[in-house]
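Structures are listed in the sections that come next.
Both complexes below contain subunit A, partnered by subunit B and then by subunit C.
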Partner chain A sequence: MFLFIVRRIFFAMVLLLAVSFFTYMLFAMLPSDPAALTCGKNCKPDVIAANRIRLGYDKSLLEQYWLFLKGIFAGRDYGTGAAAFSCGAPSLGYSFGQHECVTTLIAQTFPVTAYLSIGAFMLWMLIGISTGAIAALNKGKWQDRAASIFTSIGVSLPTFYIGLLVLFSVVIWLRILPFPSYESPFDDFPVFLRTMILPWLVLAVLSAASYTRLTRNGMLEAMNEDFVRLGVAKGLTRRIILRRYVMRQALVPIVTIAGLDFAGLLGGAIITESVFSLPGMGKMSIRAVVESDLPVLVGTTMVAAVFIVIANVLVDIAYGYLDPRVRVK
Partner chain B sequence: MSNEVVLSVKNLSVVFHTPDGDVAAVSDVSFDLRSGETLGIVGESGSGKSVTASSIMRLNNSVTASTSGSILISGVDVLTADEIEVRRVRGSEVAMIFQDPLSALNPYYTVGKQIAEAYLVHHPHVSKSEARAVTLEMLKKVGIPNPEKRIDEFPHQFSGGMRQRIVIAIALINNPKVLIADEPTTALDVTVQAQILDLMKELQAEFNMAIVLITHDLGVIAEAAKDVLVMYGGRVVERSTVEALFSEPTHPYAWGLLGAVNSLSSSGRGALATIAGSPPSLIALPSGCSFNPRCAYASDVCRTEVPLLRSIGLQGSVTACHLPDVEILSIGHGVASR
Partner chain C sequence: MTSMFDSVREDGVAPNSAESIVGKSPRELAWARMSRDKVSLFALGVIITYLLVAALAPVICAVLGISPYALDGNALNDYGLPKGAFGGISTEHWLGVEPGTGRDIFARLIYGARASLLVGILATILTTAIGLVIGVVAGYKRGWVDSIIGRFMDVTLAFPSFLLIIALTRPFTQRLESLGVPEGNPARMTYIILVLATFGWVYVARVVRGQTLSLREREFVEAAKASGATSRHIVFKQLLPNLWAPVIVIVSLSLPGYVATESTLSFLGLGLMQPAASWGVMLGDSVRYYRADPTYLFIPGIALVVLVMAFNIVGDAVRDALDPKADRQNLL
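Up next, the complex of A and B:
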């Protein structure tokens, strides 16, 4: 088991290295000149030239990539003399659009994304698994049909549509909640809750739909298993059979997919953050795209990739724990 | 050895409601079973033998199936008792062995836990360590080598035959009066089949339990059963002792079954003897005797009237056939001596 984990972590590292290389190259090869973007439209050529040298865009692509990699572990200094500044390790570059180290920007925006993700994730697991279980236990009855309507809506309607609809009806039309304006939970917890409740719900309800389906189908499939019949034949109560036999089996794919979904969310819930104007990583990424702020894009992509790779490793380990048949000796 | 009746099935009928129509899976099946005895039930797929078995534990889905008649186990009618009472009977008075030991065990728990679970549910005041000791004892009884180590292993670490032994251990942990074995050896290798049958016989003698042995394999019946029900199209068509079935079969369907077996054991390389035609659709059973389309001896009465079970011969057999006794006995002897 220990060897298995070590091997998985090693491959995860290699994968991240590849991701960083391709992301960096892809963004660097875009036809925009990063140095020209460092100051406004009426920039003098000598300023651009100076910035190009200061930010290292005069060097070859491979050399730039090497400096980027080195910066992650050792931090990075830009320029010399009075105009010099540095981004400490782990440095993901310098945003010329916002005149700030990318790592600092991510550190500012990530908590917002994390609060959004964690809250929404807990809600959607609760909603998804319970509606799925109710549907499975009432197969063919009205509860099942209601759950299937819910699933279709959740899967087919896009977040921005539902998000704007909810925002319009709750905030503008019914005026139950004030217009969202984000505050850190440590500064003003009530305002934080008021702001987060809608994005949490929207994200949770929409994502729960696929978990409803997964839970329902997994449970119905498990109920047809021979070992569930043997459980009944043993004289076990319905509750124990549902818990130890049916749910136990249905849970395996749910855990797998939930891990990956959660990690994807941590990389930035772009649309939800934009609709509800939450200053998270997703919203920052959108802004970086509009402004061609390449270092920020590379930085957020790397963070998202790290989460997804970590989640993959964790899911693999959890899978071995959940299903003894794939456990490595 | 006491010979009390431990299982009494009377006029059992099971109808499944399907989108294509009602399926009469079991019609009017009755039998009694005494402790220490083994009743074999033979028949093709769809003859109703497995449904009869699952009815005894009330495992049929109550929404899609309607069951009538009565099934008495230690004074409790399983078909009408409430859920709590049925649960008390399940596992402690009647236990079941399934056909496929590969899928009958819960893959997520160790075999020890699964056996102990069956014990604890009927002995709620027993501690876990006591249950473990009982489990270990049972594992030894069913012939699992090195049980102290294997008790903590998962089902996938066992071979098919070993897994069937585990299923038997689960079934016998509460010392049930009746054991229902639904094709217990079908999924196993031939050599392992014999071991499992021997094990069942051994444990039957030790616990003095009654066994309902369901199979399509006459060899298994000859090996393990005392009495036999032959089922066809959801009905009992012949009931006899094993000796009588092989020396004096009394139903054309039984003749066909025996003919198929005999063609295997006789030397020569001729074609295998088969019963012409295929098993009937249970949605639209043939009128009269449901075997009549495949029967070489069928006459007009067979197509209009369902034959009732009647005693025949001197060996206590019962048959459901319209042919005259004399004719049945002479053809039966001929089939048996072939």
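Up next, the complex of A and C:
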């Protein structure tokens, strides 16, 4: 098991290296000049040229990529003399759009995304697994149909639509809550809760839908397995069979997808953050797209990729715990 | 649909008393189970209706004398909002008119179905085709081919796809236009379909690979090999027919997802552009009038939910029907 984990982590590192290379090259190939974006429209050519040298965009692509990689571990200094500044390690570059180190920007926006993701994740696992279990135990009855309708609505409606619908109905039509304005939970906890409750619910209900489906189908499949028949034949109680055999098998695919979904969310819930004006990483990356702020895009992509890769490793380890057949291999 | 199952004897052939126990193929069993389920048959009907309406949208509009592009100032009041209750629903405009322009919403809805379904269907076909081929090859060849494909899948999965889809829209649409794809909506549609397939094939390939790995060890593959079948025969005639069940389920899930992604991109201003209609364009447009014309907000949304619900019900029914253990009695 230990060797397995070490090998997985090594592969994860190689994977991240590959992702960073592709990301850097992909964005570098875009037809926009990062140096020209460093100052406004009435910029003199010599300023652009100076900025190009200062930010390292005069070097070859491979050299730029090498400096980017080095910056992650050793930090990075820009320019010389009085105009010099530096971004400490781990440096993901310097945003010319916001005149700030990318790492600092991510550190500012990440907590918002993390609060949103954690709250939504706990809610959706609760809603998804319990409705899925109810549907499976009542297969073909009205509970099953109701769960199926819930699933369909959840997986079909785009997040922006449901989000706006909820925002309009609760905030504007019914006036139950004021318009969301984000506050850190350490500054003003009631305002924080009031702001987060809608995005939590929207994200949770939308994501719970596919978990309902997975749980239902997984449990139905597990109930038909021979080991369940054996359990029944042995005279085990329904409760024990459901908990120890059925749920355990049904949870395996759910753990995989839950890990990846949660990691994906940590990389920025782009639409939810935009709809509810939450100053998280997703909203920042949308702004970066609009402003062609390449360093921010590369930085957020990398952070998102790190979460996905970490989740992959954790999922693999959890597999071994949940499914004994994997451990034997 | 029936041609696929035309060997089925639903109730016609009376069982010959001498051989009253007739073996049924798995496909026959599945169809028999599915036709017992009236709700999923209805859902199948809904999907077919949507497809027909989308395909025949120009004919329907011509017969009814409506157009998705014609402006109708008479249907609007002085503020540019639809006259009458519920967004101007009348015998002339079945679902009301668009605020600001007075275009007929019903006409735009069925024309929008064309664009949305086209994107969804083409992206699904492309995704499934790529995923099937790569998944079968990886699972069947195993060894270094499988390792390389596996690593490639890992890299693809590690990218935050939605962020990249958004970030790359403008430059890649321009690139497509410079390659000769007609400017504007055709280029944007092509980009959406290609980018959805670029990130989507992995999900199909993963499932197909897993299924292939277990199928290739089964007796019927062994038998085919022993009788001298080529790899080509084994892949196309032995393995592929057994992969349809999981693939149908993935398709029933991913097609609605693609339709939803198209609408999100259109909402962000990165998908199709006015005056073309798609459900995404309509959803994005309707949220601007949420206060003045709430009816408009619900029409494209309901159209989308009904279609997706139908896909989900059919997908579930197919999954249940193809399950060889489905007729076992449930002991719990």
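In this text, the second predicted complex is superposed on the first by the 327 of 329 C-alpha atoms of A that agree within 3 Å, B and C clash if a C-alpha of one lies under 4 Å from a C-alpha of the other, contacts with A are read in each partner's own complex, and residues count from 1 in each chain.
In this text, a contact is a pair of C-beta atoms (placed from the backbone, for glycine too) under 8 Å apart; a residue touches a chain by one contact, two chains touch by 3 or more.
Here the structure is a predicted model, which means the values were calculated and not measured.
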So, A:309: does it touch subunit B (first), subunit C (second), both, or neither? second
Determine, under the contact definition given at the top, whether A:286 touches first (subunit B), second (subunit C), both, or neither. second
With the two complexes superposed on chain A, say which partner A:264 touches: subunit B (first), subunit C (second), both, or neither. second
Determine, under the contact definition given at the top, whether A:244 touches first (subunit B), second (subunit C), both, or neither. first
Touching partner for A:148 - first (subunit B), second (subunit C), both, neither: second
Touching partner for A:50 - first (subunit B), second (subunit C), both, neither: neither
Would you check which partner chain A:236 touches, where first means subunit B only, second means subunit C only, and both and neither mean what they say? first
Residue contacts on subunit A - larger count, subunit B or subunit C: C
Residues of subunit A contacting subunit B in one complex and subunit C in the other: 229, 232
Taking the complex as given, what residues does subunit A use to touch subunit B? 225-227, 229-237, 240, 244-245, 248-249, 322-325
Within their complex, state which residues of subunit A touch subunit C. 11, 15-16, 18-19, 22-23, 26-27, 30-32, 137, 139, 145, 148-149, 151-153, 155-161, 164-165, 168, 172, 213, 217, 220-221, 223-224, 228-229, 232, 238, 241-242, 246, 260, 264, 267-268, 270-271, 285-286, 288-289, 297, 300-301, 304-305, 308-309, 312
Subunit A-touching residues of subunit B, taken from the complex the two chains share: 57, 59, 87-92, 95-96, 98, 100, 103-109, 117-118, 121-122, 154, 156, 167, 170
Applying the document's contact rule, which stretches of subunit C touch subunit A when the two form their complex? 39, 151, 154-155, 157-160, 162-164, 166-168, 171, 174, 253, 256-257, 260-261, 263-264, 267-268, 280, 283-284, 287, 290-291, 297, 301, 304-305, 307-309, 311-313, 316, 319-320, 323, 325, 328, 330-332
